[in-house]
Amino acid sequence: MTLKVQDLTITRGGIPVLEGLNFALEPGRALILRGPNGVGKTTLLRTIAGLQPPLSGTVDCPSESFAYAAHSDGLKAMLTVSENLNYWAQVFGQKDINRAVSTFNLDALVDRMAGTLSAGQKRRLGLARLLVTGRPIWVLDEPTVSLDTASVALFADAVRAHLKTGGSALMATHIDLGLEEADVLDVGPFRAKADTVAAGGFDEGFL
Amino acid sequence: MGSIWEYANPVKFNHTAGKVLPWVSIGATATLVIGLIWGFFFTPDDYRQGSTVKIIYLHVPAALMAINVWFMMLVTSLIWLIRRHHVSALAAKAAAPVGVIMTVIALITGAIWGQPMWGTWWAWDPRLTSFLILFLFYLGYIALWEAIDNPDTAADLTAVLCIVGSVFAVLSRYAVNFWNQGLHQGASLSLDKEENVADVFSTPLYICIAGFILLFIALVFLRTRTEIQKRRTKALIARERLG
Amino acid sequence: MIALLIRDLKLAFRAGGGFGLGLAFFLIVTVLVPFGVGPESALLARIAPGILWLGALLACLLSLDRILALDWEDGSLDLLATSPLPLEGVVSVKALAHWLTTGLPLTLAAPFLGLLLSLPTQGYAWLVVSLALGTPALSVIGTFGAALTVGIKRGGLLLSLLVLPLYVPTLIFGAELARRGAEGLATTTPLLMLAGISFGVIALLPFASALVLRVNLR
């Protein structure tokens, strides 16, 4: 499954933030988005995941192929680690959570309430959720926040394993994961220009 | 003269509305002054209701507008959802406060009229109750517009609320009818009924209704223009910031 | 879908608040009514169906903002929107979970509270029937309100303002059905109307709820 993005212009709160984005993500590859805070990385990832429509351009890939993970992990404090994972596995029509548990070293925690986990453990659980979706393209927004060095290594291994099986990953992160399969895309140069904002924003008719 | 959708362009709408607005305002003022003075001072007292009947010159047009404004909001909401014309959404937003004032006028004049006629300021008569419910719908609609920052999100959500609300408003009307048979007199104006308002009363009433409609158009034009200018200001500031 | 339902029910149990609070509120409202209107049992019997309906409606209203707001805050809604479940199904399941944890217990508790208000004997069956038919509509309409206000901080009050007018037809027919039942009058018309409203909103309103939820997520 190749993700192709063509001439994509995206808006945040109705104002274009990035324009003219073109890239392709082949199976087995990872693409890391770089750029200063507020440039629109989160908006781009949300648009690709199908949560919001682009202003123009296309994301050429069915939205059923994405597993999206954002700043918040979507965990329920009153459910145990395994209940949280089982729930998402069922939602995505999968059964097996063991691989996800062992990949992110959660074995000792399976019966703990998610609410009692530390921030880093929660994050690991949130990332383990990706493995139970069974979807080929990971769309990740700052996946390494609050992870320690060892956990970042775990995560890098998980991504590598995912790429080996023909998956791909698109992520916004500032940490070097040491992935040799990864390309880097700096979205800074694609910042929307003033005339695009004037011509493409929802308020264009008002000017 | 092109298609009506040309006026979906905010700039074009603003331009045209700006030219039409003074005439509509003058028309509204003139018809209202003529209609109300004629109605209040140059019609005879009713043989049963005495001079209190003259409140119909406020009550009936306001009540008509209260419903029709909501209907207009329903139409503009549908246009927004289907064709995404911003003017349409802004017109609905602009009309709602006018509608709520019309509803309040209808309720208050109704109470003032009801006191000498029925001996009570308020009765849970189906029509009165329906207007009270309509008032609540208006309040919710306006509150939702106010609560949301992103104008497009607000327009979408209020449009859906308006459509769903319309269905429930009609349901409520039937429910209330079923719940209590009222003491309200039948429609004051209709073509097929015997007990229509007599001609001496009806001519100024028609003038008043026309006046209220013109007043409504003037207010909606004015308020829609204001909303468009607000959006324009925001767009200019946003462009400025991006340099 | 079933997984979502089970999770919501589990959360309602474990977090407490779910049932308990709604039921306790229902009880307190019912207990307070005689303090307000006096202990005369003839009067209480006359107003009992209406009071119980109103109490159930308010108890329902209390927990509406929890239907979607919690999932919004922890990001679950974003993840659900990108999952294979259609949002229409998600909001329907959410409404069902709300009904199972609020409407159903209220319906079952109502006859006992009817005792406190000296509800006439023939009224109990109709009270339960009217609540069983009407409370699903309350949950579904409430979910629509919750979807409308999910992105708004402190939207609870706005939610009530939006939802209460939408509750009018359900309340009128529901309370009328219970009242007629208690007074031994013909019940067919309000029964059919209430059933019509319930099935109508269950069938149609989830589409509107999913639509506004999508707008809010964007």
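Think of it as A, B and C in the order they're written, each chain with its own count starting at 1.
In the analysis below, a residue touches a chain if its C-beta (ideal position, glycine included) is under 8 Å from a C-beta of that chain, and two chains touch if they have at least 3 such contacts.
In UniProt terms the chains read A = Heme exporter protein A; B = Heme exporter protein C; C = Heme exporter protein B.
In this text, all values refer to a predicted model and were calculated from it rather than measured experimentally.
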{"item": "Relative to chain B, chain with the most remote C-alpha centre", "value": "A"}
{"item": "A-C compared against A-B, more contacting pairs", "value": "A-C"}
{"item": "Length of the line joining the C-alpha centres of chain B and chain C, rounded to whole Å", "value": "32"}
{"item": "Centre-to-centre distance between chain C and chain A (centres being mean Cα positions), rounded to whole Å", "value": "37"}
{"item": "Gap in Å, rounded to a whole number, between the CA centres of chain B and chain A", "value": "48"}
{"item": "Residue numbers of chain B (touch at least two other chains)", "value": "none"}
{"item": "Where chain C touches two or more other chains at once, by residue number", "value": "218"}
{"item": "For the chain B and chain A complex, residues of the former touching the latter", "value": "9-11, 86, 150-152, 228, 231-232, 234-236, 238-239, 242-243"}
{"item": "Chain B residues within the chain C interface of the complex", "value": "133, 136-137, 139-140, 143-144, 147-148, 153, 156-157, 160-161, 163-165, 168, 171-172, 174-176, 178-179"}
{"item": "Of chain C, residues touching chain A in the complex", "value": "2-4, 6-7, 10-11, 14-15, 71, 73-76, 78-85, 217-218"}
{"item": "Of all residues in chain C, those that touch chain B in their complex", "value": "144, 148-149, 151-152, 155, 158, 161-162, 164-166, 168-169, 172-173, 176, 189-190, 193, 197, 205, 208, 211-212, 215-216, 218"}
{"item": "Residue ranges of chain A in contact with chain C within the complex", "value": "46, 49-53, 63-64, 66-76, 78-79, 83, 86-88, 90-93, 129, 133"}
